[in-house]
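Which chain is which? They are A, B and C, in the order written, and residues in each are numbered from 1.
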Amino acid sequence: MGRIYNLISIQDLSRETIDLILDTAHKMESVAAERSNELSNKIMAVLFFEASTRTRLSFESAMLRLGGSVLGFADVTTSSAGVKGETLADTIRTVERYADIIVIRHPLDGSARVAAEFSAIPVINAGSGAEEHPTQALLDLYSIKKMKGKIDGLFISLCGDLRYGRTVHSLGMALANYDVSINLAAPESLRMKPAIVDEMRKAGLKVREVNSMDEALKDADVVYMTRIQKERFPDVREYTAVQGKFRIDSDDVAKMKRDAIILHPLPRVDELDASIDTAPQAKYFDQVYNGVVTRMAILKLILS
Amino acid sequence: MGRIYNLISIQDLSRETIDLILDTAHKMESVAAERSNELSNKIMAVLFFEASTRTRLSFESAMLRLGGSVLGFADVTTSSAGVKGETLADTIRTVERYADIIVIRHPLDGSARVAAEFSAIPVINAGSGAEEHPTQALLDLYSIKKMKGKIDGLFISLCGDLRYGRTVHSLGMALANYDVSINLAAPESLRMKPAIVDEMRKAGLKVREVNSMDEALKDADVVYMTRIQKERFPDVREYTAVQGKFRIDSDDVAKMKRDAIILHPLPRVDELDASIDTAPQAKYFDQVYNGVVTRMAILKLILS
Amino acid sequence: MGRIYNLISIQDLSRETIDLILDTAHKMESVAAERSNELSNKIMAVLFFEASTRTRLSFESAMLRLGGSVLGFADVTTSSAGVKGETLADTIRTVERYADIIVIRHPLDGSARVAAEFSAIPVINAGSGAEEHPTQALLDLYSIKKMKGKIDGLFISLCGDLRYGRTVHSLGMALANYDVSINLAAPESLRMKPAIVDEMRKAGLKVREVNSMDEALKDADVVYMTRIQKERFPDVREYTAVQGKFRIDSDDVAKMKRDAIILHPLPRVDELDASIDTAPQAKYFDQVYNGVVTRMAILKLILS
């Protein structure tokens, strides 16, 4: 039921399990401040085959606040996996002997699932290829619930790169568990994959695809912005045109509901203009902290 | 006697000391599971001048399970030693002020010995050049003893690259302390150095050099396989020929004794075919865990 | 008063605060040996945008000896800050959610100050650009006080690269708080910036600029040597000439006072000949340890 072992895809989780994680995250708020020794005999291995600041440090902060220890690598070029051509399966079958849980980020789709299949200890997917980033989706849900008091009934706009951004894929699938209205605001070439749109519609969500930020901002309770990467565009002029359209500045914020919130998985480039950082709607840095308590909840539920 | 300070070469250890380490490793099995605070006021510095997953994480896991802390570098390019041309002696004379023990891996032969000479704190060699990897040899001995119940009286085949592989050098010298029969199975150009063969013979071991895996597998109690590196061969065709001969697949396993064990220091490439991973003889991943308890024993014996 | 929040520039500290840090460092000597749990619920983030062995490991050793935990990065290429072009302000506003204190090294002048402006948690400058390295200056002062029994009244020579070396800039400004006589010995092109010389003179210090080591060594109580970097010179012959002049060997040591001390922020190349390492005046490796207790004092004063 509420019992979690691996955390590979948001689709593996029932609404019940998601709610358990969010409730546990709420309880972790006081533990995060006070610190605990609950996991003092546990070791977390972080295997980061891709660069990261936020996700790795967020997991480490979560584990340390629960009294646990951390080992691993942040840079695959310093490991046998990078240098000596070891397979992922062999790396996992090795590292499972050193730790109690594995947190893995890897550039290939399906990698975290493969890791879990070979692992004798629980595996958490900290970002696999372009497809999934389930702990980000969970911290996004937690941020929405904490800041808006609920998830059901909200009007949520997902904006920017909806095609290659793994965070919006996981978040979209997570939201399919709730009774929400969704706006998808993306340039033509970066629209959400039909499979995920279908999933959300099949779950009964009202999903509308729009192609301007104006439509995404108007009436939204939550605006979830993402970064558009230059390298997705063959022609730099096309990138510039798109980038100029899918961003939020103070004029845009003025059109939003006063009690709306703006979230972003970060890092941002300029899709969130620095001038809006002090707006009451700007919640993307508070969202970072929610990542710590959400990951504390996940680690606690899996390990204790 | 049983007292250990540095651990630089397997040749520095008496049979008595080796046995003490293996006995202590056995005692560490329960401590590894439960965790202890025995070294909670100790800091281990890991100085890895060469890429590693297994050895570094294994030492870190061992230290954490004993309650200790870890600092250091996994990548010399982020350190003054790499960037600013500091000598090894100066790096050691610095790091000895930050920690209670140094674990060093370095590409140069003799580097760990130099480190120990300059260090005011104990030094453990985690792999120096092509010559020595004593903690690997100790975990190999521990694996043999744990899995076969004894070391004396066994028939042990060392296979693959016996010339450049530092693990087999250390293991060969370690086995000279025991009453075992040895098969050395290597391609002509990768045969064990005569000095080590002499050492083993002088110690009274029956050593036979063979050049096929068939002879190595037949009647062996322990088959210790190693990786043959492509870059050792000027001609890639020669490498391919050799590589095809010095590997183990399911047909080979069928020729082995039912209660024989296959060990490998890992990472492997394809000298151990994935099809044998589920064979009862395949013990190379269990061997990984033995590295944790063996290193716990070494850290405990040196530091407490 | 004695209360410290950030530590960005040595110029932000009063003599009173500096003395408090040095006194606390002295008290840390026994804590460093015994270890404490005083900061066991605190996390230190190390953000090293530049290579370092000494400073990072010294801070980590200090934090671990006080029972605290550490996370961060030693290599910016493994972080979003390096790879995804995140601004320093955004990195700080993220990391402040993961830790209780930030220790930052960054290649740009002013970077640590910027970090502190954006941070909701205390920031310690572990080296910013060519301008400042305040914790090094504090450990240098502590070394002088510990080894000479006092700072006031001493005759101190700062030697080598006084223009680009951030450690001598911070040390020069720190010494302006004391009643000392200063010799500045540097090649013409690497002389101390007039602003710092003026600062010291305005504070009442007797400052003399000399251009030979002989004048710097004679009568000095403290000789503070620094490394001259080849890349500062357009012409390698000029570098070689200068390097041959601004170094210390056994002949030079013979000209020094018997109770003088030689300090160096390390790493050294050959400005301190290895032959002098055993001279009674050579204190640069003991100085390393003083960095641990000084940083323990700073962490304790800020965090507890």
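Structural remarks
The definition used in the following text is that a residue touches a chain if its C-beta (ideal position, glycine included) is under 8 Å from a C-beta of that chain, and two chains touch if they have at least 3 such contacts.
Keep in mind that this is a model prediction, so the values were computed, not measured.
Taken together, chain B and chain C share the touching chains A.
Annotation, chain A versus chain C: rotation angle of 120 degrees from the Cα superposition, expressed as a multiple of 5.
Distance between chain centres (mean CA atoms), chain A to chain B: 40 Å. Shared contact sites, meaning residues of chain B that touch two or more other chains, fall at 75. Those residues of chain C whose C-beta lies close enough to touch chain B in the complex are 34-35, 48, 51-54, 57-58, 60-61, 64-65, 70, 74-75, 227, 266-269, 285, 288-289, 291-292. Considering their complex, residues 40-41, 43, 45, 69, 71-73, 75, 77-86, 90-91, 93-95, 97-99 of chain B touch chain C.
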